[in-house]
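Paired with chain B in one complex and with chain C in the other, chain A is shared by the two complexes that follow.
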Partner chain A sequence: MTQVRRYDTGTTVVSLRDHRDARRGLSDNARLSFERRDPEWKNVVMRRLAELVALNRGWDGFDAPPVEFHNAYFSVQMLQSICSVETPAPAIVPGYYGDLQVEWHSAGTHIELHVKGPNRVEAWRSTDETGVEGEEIDLSTDFTIVAKWLADLTRAFRDDDRARA
Partner chain B sequence: MARTRPENLPDFEMPPLDEVVLGVQFVPPPRYRQIYAGAVWDLYRSEFPLVEEQIAIAPAFETFGVTRGPSFNFEVINGPAQNRFWFLAEDGHELIQFQQDRLLHNWRRLDKEASVYPRFETMVTKFERELNQLQTFFEGLGQRALEINQCEVTYINHIAMEGPSGLTPDEAIKLINFGGKKAEAFDLRFAERIDSDGGSPIARMHYRASIGQKTNTGEPVCYLELTVRGAPEANDIQSAIEFLEMARRKIVTQFAEVTSERAHEVWRRKV
Partner chain C sequence: MTEPERDQSGKVMPHDHPEIGAEYGVIRRIHAQHVIDAQDGTRRISSMAYQASSEPGGGMSVDIEELIHIHGLQPREHLLKGDFLGAVKLLAGAYRELGFLVGYDPLPDNLCHGEVWGNFSKAKKREIQRRVSWFVEIGGVDLA
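Entry: the complex of A and B
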């Protein structure tokens, strides 16, 4: 019989118990381990940010610059502080001044993080409870509250998926 | 007014200190081009007449939220690559590191006999002057004042493992316990949040310890590196200096806490 243990980091270790059939041809300590699973949002975000940093000046039809590299880099660090492995990938849109906005939208919840610069983020959320006006907070480096917002949103996404399955 | 060392800060007659780094990261001035690096060198050349080129350091931002695993970096090759420049003093003990978004000042022991640690107060006074010189230069190009978004202080210690005052890593560092084994190699890294008096995060302390060899003599040493990094309260030079002073207090205090009484005797603790 095999035992599968999944760690919070996404690493999966399969150990073979002392069972004759399972151990056939293998050592007593045989295990298979899988590499840490990268979050799905990571590749989506990296690709999108690379596009936005490489935009040509005037991408908006006027004189908007590309997203500033420090803003993109800070956004990656911010997302690492608020997203879990299961968080859905956000949409990212460029601003007109080298800034950018990171967004999640679901049926009942909208979260928008306006990265105006490193350490300067306007965070906004609307839910069924807050109504369309939503709640807005200015944040610098502590994104604990946004991590909670995202945990709620991720849970809702997961529940929707299960209901549809 | 000359800076004075805070009272009651742990102090040692012979600390195993090998290198100290003070640094800030700032928003790259929009009109800066790498060709201006020569003019930046001219600001410091009288004291730092030698130059070397290195690969640029990636940006670093400390952010807080959920506990996270290993970080991943974001890299985009878009346009000409920017280098990092080392402006070195003749004897190589002190150097300034400059790139389009960073300024750092290092002191390095290099040769035990010849180098005396100039002390943090002297280093931070010089660094403040260097920052002001850089800011004036950028303003002369029509740029805005430096917008500093991260600050860091690093203390690197080389703990001798051989000789009459040699200590094994588990003898010197209270965090380490090999359970009686004689470790040939190890690598310990962890980070700890630093909170304000109000309980909100303001910085992160990174601890790193490992066994290595001194490059000039080959003798085995235990590296113990402590770094405090975070955003200053405001993005100006004064706030950056205040952050560096806070970071230094934290590092020196934690160094004394994580090292053993026996090590303190070897290093002759005074305070």
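Entry: the complex of A and C
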């Protein structure tokens, strides 16, 4: 007899297959497997990037190319390194030369990550503390500070959500 | 309006047109791809709407408001073609205060066409975003 128990932790599904030998009454072939579930933001991001790399040339009414694949790929890698499971999905918009911008706007905080190319990101944030001018940083491989920005935004977003509930 | 100077390939060279007065309206069309759903439930225009084109020496494509009226065109009909949902306006003088050139760049199918040339840094794009007003409004969408 095979029993399968599934435990859903939100991001991970754990399956426990327990093959019992009825004669011996022992579990002699238990198998534990983990299925990692992608966070919701990633599903949204992948769908949006698929749209942007498939834009027709001249989508802007002139001669703008679609978002370049290597920029889309890099953006996913970047977001995986800076987003948590709870980070709200960003908006993503195309630029006019294959570039793109990833952005969040929530409760007085604005974060924009302009991906000009792989490892070429202009990061900008504005909060109530920084004022409208905000703070701007050019980043290539170390996105620690942006991860912190997003952690702050995610926390505020979650608190807002709870307050509304 | 006096024809602008062109290079050998016929492309208009960046210039600041003397007949475009400081009080002239400079109209920027807003594409559907640059209207976003923000995480706070609002809709807004991305700062990426204010960027120069990819061609060498290219500026930000605009329409000159006065020319729309001179040619007897209906603004909404003239501007909202294809996937453009609305348009915003900033005076030519305001662009020049930010260090940009505002020029005339007539196209075969658009005699109102102009260009804004300059350095579209993040700070400048944000500044443009803060200063523009609706010319053809997109309902329910914030300017910034």
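In the analysis below, the second predicted complex is superposed on the first by the 128 of 165 C-alpha atoms of A that agree within 3 Å, B and C clash if a C-alpha of one lies under 4 Å from a C-alpha of the other, contacts with A are read in each partner's own complex, and residues count from 1 in each chain.
In the analysis below, contacts are C-beta pairs under 8 Å (C-beta built on N, C-alpha and C of every residue); 3 or more make two chains touch, one makes a residue touch a chain.
Owing to the predicted nature of the structure, the values given are computational and were not obtained by experimental measurement.
Clash-free side-by-side placement of chain B and chain C is the outcome of superposition onto chain A. By the touch criterion stated above, A:Ser106 is placed in contact with chain C alone, chain B being left untouched.
Look at A:Arg125: by the touch rule set out above, it reaches neither chain B nor chain C.
Touch criterion not met for A:Arg48: it reaches neither chain B nor chain C.
In the superposition on chain A, A:Gly95 contacts chain C only, with no contact to chain B. Of the two partner chains, chain C is the only one that A:Ala64 touches; chain B does not reach it. Once chain A of one complex is fitted onto chain A of the other, the partner contacts of A:Ser140 are limited to chain B, with no touch recorded for chain C.
Closest contact between chain B and chain C, by C-alpha atoms in the overlaid model: 14 Å. When the two complexes are laid over each other on chain A, chain A has no residue in contact with both chain B and chain C. Remark: chain B residues 27-28, 58-59, 61-66, 68-69, 71-74, 76, 78, 101, 147, 149-150, 200-202, 230-231, 235 touch chain A in the complex. Against chain C, the residues of chain A that register as touching in their complex are 55, 59-65, 88-91, 93-98, 101, 103-107, 112, 114, 122, 124, 132-134, 136, 157, 160. Those residues of chain A whose C-beta lies close enough to touch chain B in the complex are 9, 36, 42, 46, 49-50, 53-54, 68-70, 72-74, 76-78, 80-82, 84, 117-119, 140-144, 146-147.
Contacts from chain C toward chain A in the complex involve residues 29, 31, 33-34, 36-40, 42, 44, 46-48, 51-55, 61, 81-84, 122-123, 126, 130.
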